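Once you scroll down, you'll see the structures, which are given as structure tokens.
In the two complexes below, subunit A is the common chain; its partner is subunit B in one and subunit C in the other.
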Partner chain A sequence: MYHKAYGIIETLAPLHVGASAGEETGNLNLIFRDQFTQTGIIPGSSIRGRFRADMRQKRQWWLEKQLKEKQIVIPNSRVQTVEVGEGEKKKTLSRLEWLELQAKEQKITVPDLINENYWYGHSSVAGQTDGGTTEALVKFEYASLVWLPVFCPGQPIVWVSCPRLLKRYQQITDISYPIPKPVDGQYPVKLNNHRNRLFFNLGFLDNLKSTPELSAWVPLNSRVKPENLVVVDDSDIATIHDMALYRQTRTKLEDGAKKVENFFGFEALPEDSILVFPIAIRQSVSKVDIENKIAWKPFKETTTDLYLGGLESIGCGRTSVMLSGEYFTATSGSNYSQSQSIGA
Partner chain B sequence: MAWNPYGLDQVAHRLVQRALQIDADPEIAGDSCLREVYEMRESVAYGLERFWGEQLRHYNKKQDKNATYWQETWRKLVSILDGAGVVLPNDENANIMAQKLWGDIPLNETGVRLSHENRQVALAVLTQLCDCMVWWTQRYK
Partner chain C sequence: MFQHLIVIEPLGLLYGSSGRFLSPENLVGRSGASFPPSAATVSGLFAAYHAQTTKDSKTLKETLKPLQLAGPFWADSNTPENFHVPTPLHCLVKDQRIRCCMAWQQGQWLTWSDEKRQWETPPNDKFEKGTWVAIADWHKLQHPTTAKEVEVQLAPWKFLPHLHPHLMEDERRVDSDKERGSLFLENGVQMNPDACLIYLSNMPLKEGWYRFGGEGHMVNLRCIEIQADYIISQLLQAPLKQSFALITPAIWGSNRLSYREPGIQRSNGWEPLWNAVLLTERAMPFRYRLGGKERTKLLSRGRYAVPAGTVYITEHPQPAWVDWSEDWFPKEGPSLKRWGCGLALPLPGAIAEPTAETQGAIAS
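Presenting the complex of A and B:
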């Protein structure tokens, strides 16, 4: 059995999770898409990788601190690899491996609280049965869109969703409202100034039906406060999604001259997109860290800025991640009970 | 049906094919107009009025091929937006056109003038149309 939790991702910059340059995608690096709605997703493995990397860094800092306290001389932090042993036994270790080795000699054990291998499963090790892998205590599923901002002349942005995406959001967050969907060709909208038509670059929507309850479908503690919402058919979301993506054409210049070697493009989810992903935490994990039982607490706060996906060196990937749900409701105060009662 | 696509890619493809016809037509004066679309895409940054006005400059310079291409593109835009319920002026008389574009006089007998909002919509659609035309032009160049 599992404790239930979920995460809300809000993109603070364009978010690219998918193919990168050089892969077999032609010269447009596409983002990963959900096969039914054709809308952007972040695979669970990418989310897990980010959480793991975050905790590994915490463990490294902790090890350094412990060794320093034991008067061990630690290599400069810019040093990536350390050579140990002499003669034939000489080998090169990564900085972290070196720290682990020193800690072992000093009989220092890393607390589970900051041990990424404990929470997210141990990666395989050569020479061990089954590679020494373990089952993760915390499991992540893919993140799907809840609301996607689209340029709309006159508004100037509306956040779009469709019944299928809202259904997933409902299943994850236990929101109790019926799923808004277009009925008789009438599209539910919540607009600052109600209009009969919404124009986009490639088409327009008419037959709009004012539906104020739509605001209940925006995560409560979200930084983004969409006031212009529209729910379109599952079959229309793909077209609108393609129109909404952030696309950039880039060039690779030759090394010796300012001459274009090749062109390539990439797409990304635009900033202010809202995504949701479920988290399952093994029942054996305590919700509250009492009596030395260990609780999963990946960040100091439950909302944090995280980089996800690729191309972060050219301005992509900054997001705000909010953890919520049953598991977190029990561990902390009012912040979480609020997000639990979305729509109440 | 509530989602109504403008069908811009199809319109753009036809316009680019039309440019080839214009270029092949010995009756129309001027140099080749196929590559005018790059100028069109550039000019949308300056607004609808300048986009429409470019045809006058080409006629004055005896570049009828270019002028025809700009004019036909404008006509297509007018008909696309007409289908979306946005009225754009399309008069032969340059003075009347100018007044309608600037919102000085009504667009038609209903008394409606070109609003700021509709101008924004038209510009967004025109930008996208030009992007589509650039794509097709690349294929025929």
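Presenting the complex of A and C:
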């Protein structure tokens, strides 16, 4: 059994998760998609990687602080690799490896709270039994869309979803409302100005009817306007999703001349999309920080800005992530902020 | 006797394990994708759950001793009691419809032709494999005439090979220096969000989120009591008589040798119990992790199972599966009846009833 929790991702910039490095030379870098709704997803492994990298940095800062207190001379923060040893034993270590080595000599142990290997599993190490791997205490599954903003000229932006996507949201968050469904071609919606028709590039939705209950399906504190929600049929979401995606064609110019060397395009989930992902935390992990049983709290607050996915250098990937669910509701209080000060 | 339905709804992807042996059909591509997980996986889930609450291993063993499971099956999430089981192999399926049913008639498998009013050899054609039928339709399957009305379903999951690149620690680039390789391909499976996996169990399990099949894969598990009016409870109690079909894989024989029907080991060799006629497919590998003192359990001996869907015609009438003797099942630790091996449902239509008309047709 696992504690239940979940994360809500709100994209603050286009979000591209799909092609891995080296694939940029392809013609179009697609995003990962769900096989049944054909809508974008973020794999659980990518989310885990993000959380791991975040905590790894905290551990590194902590190590540096501890070593400084012990009067150890630390290389300049811009130095990424350090050479150790002499002659044949000379080898290059990454900055973190060097810090770990120093900490070991000083008998400094990293608290579990900021040890990413403790929470997200230790990766395999050559020469150890079973690779020395450990099982993660915190597990992530993929993030799926809940609300996708669709922009059409001259109309308000509407956030679109479908029963299947809402069903997953319901399954993860334990929301108790019945899933809204488009019945007899009527699409539950409440649009500004009481319009009952909505045009998209590829068609239009008719017979829109006001459904105030839909606002219950909007996560707290999100930027989604509860009066601009539409639930469409499961079979329509793929087309609307395709239309709503952020797409950009990019060129690589030749170094010496203003001449195109290579064309490529990429697609991304637009900003203001809302996604949900489940987080399962081992039952053995206590909800509160008592007697060495440490509560998992990756950030100082329950909401934080995180970068997910690729193409960060051209403005993609900024998101706001909110953690919630059964596990977190019991942990709010002073314990958390106190313990977090180690990592800050 | 089974009293509960274990309903498993994935919270994300699942893992399609490779467990198949290399075969001529399987030399290339996604070698041996095996899904859904067998009842042994659910058995492990029970063990893991009880291990958390039980202090010593002896009590744990006692708790788990009576455990009996069967599966895998799947269902629409809204109607878990009407789950889908593998289509019996005597049904010839094309385009999700049962075209005709074979029946055992005077020493051969034949199909009845309505047009010609006679028994004839089955059509020489390619038919669909790996299809499923709803348990509520089982009574229709029992008779060749009504079997054609049964709607056959395809599996509600899709394989989704999923590449996990290992990134460098301080750069968002694939770490290509790793000796062990920087790319890991996972054979992921995505279930239709409206479907769930179903297993039968005689013990309940607490509702909640569990890890199921693959390290990072989480599922929501529910437990539903099997009511007396559920079709499965009636079918399970019915005697099998002389013809029946398997809805789970079956293992028979000793620990070393796998046979196609239960038998008795005598001094002069192995003696089959049923002297059965079979309609079956190639045997499938069947193994699971069991035993060992280390944290990682040892893999059991590789065994061959008679695949689900196999139709048996036996010499003498047989009782219902629940009344089968434990002695019929091989033991590897517990008896293999624990994993619902060879769970069978009656299928009277697999033997052609000799009416005056059909008798005449055969004679001519």
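Methods note: the second predicted complex is superposed on the first by the 320 of 344 C-alpha atoms of A that agree within 3 Å, B and C clash if a C-alpha of one lies under 4 Å from a C-alpha of the other, contacts with A are read in each partner's own complex, and residues count from 1 in each chain.
Just so it is clear, a residue touches a chain if its C-beta (ideal position, glycine included) is under 8 Å from a C-beta of that chain, and two chains touch if they have at least 3 such contacts.
Predicted model, so just to flag it, every value in this text is computed and none were measured.
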Which of subunit B and subunit C A:S45 touches, first, second, both or neither: second
Which of subunit B and subunit C A:N262 touches, first, second, both or neither: neither
Per-residue touch tally on subunit A - higher for subunit B or for subunit C: C
Subunit B versus subunit C as contact partner of A:Y2, first or second or both or neither: second
Touching residues (chain side subunit C, partner subunit A) in the complex: 9, 11-13, 49, 52, 158, 160, 162-167, 169-170, 172-174, 179-180, 190, 192-194, 206, 208-211, 215-218, 220, 296
Interfacial residue positions of subunit B with respect to subunit A in the complex: 1-6, 8, 84-86, 117, 120-121, 123-125, 127-128
Residue ranges of subunit A in contact with subunit B within the complex: 151, 153-154, 182, 185-187, 197, 199-208, 232-233, 236, 239-240
Interfacial residue positions of subunit A with respect to subunit C in the complex: 1-4, 20-22, 34-37, 43-45, 48-49, 56, 80, 94-96, 121, 123-124, 126, 130, 135-136, 139-142, 164, 167-168, 171-172, 277-278, 280, 283, 310, 312
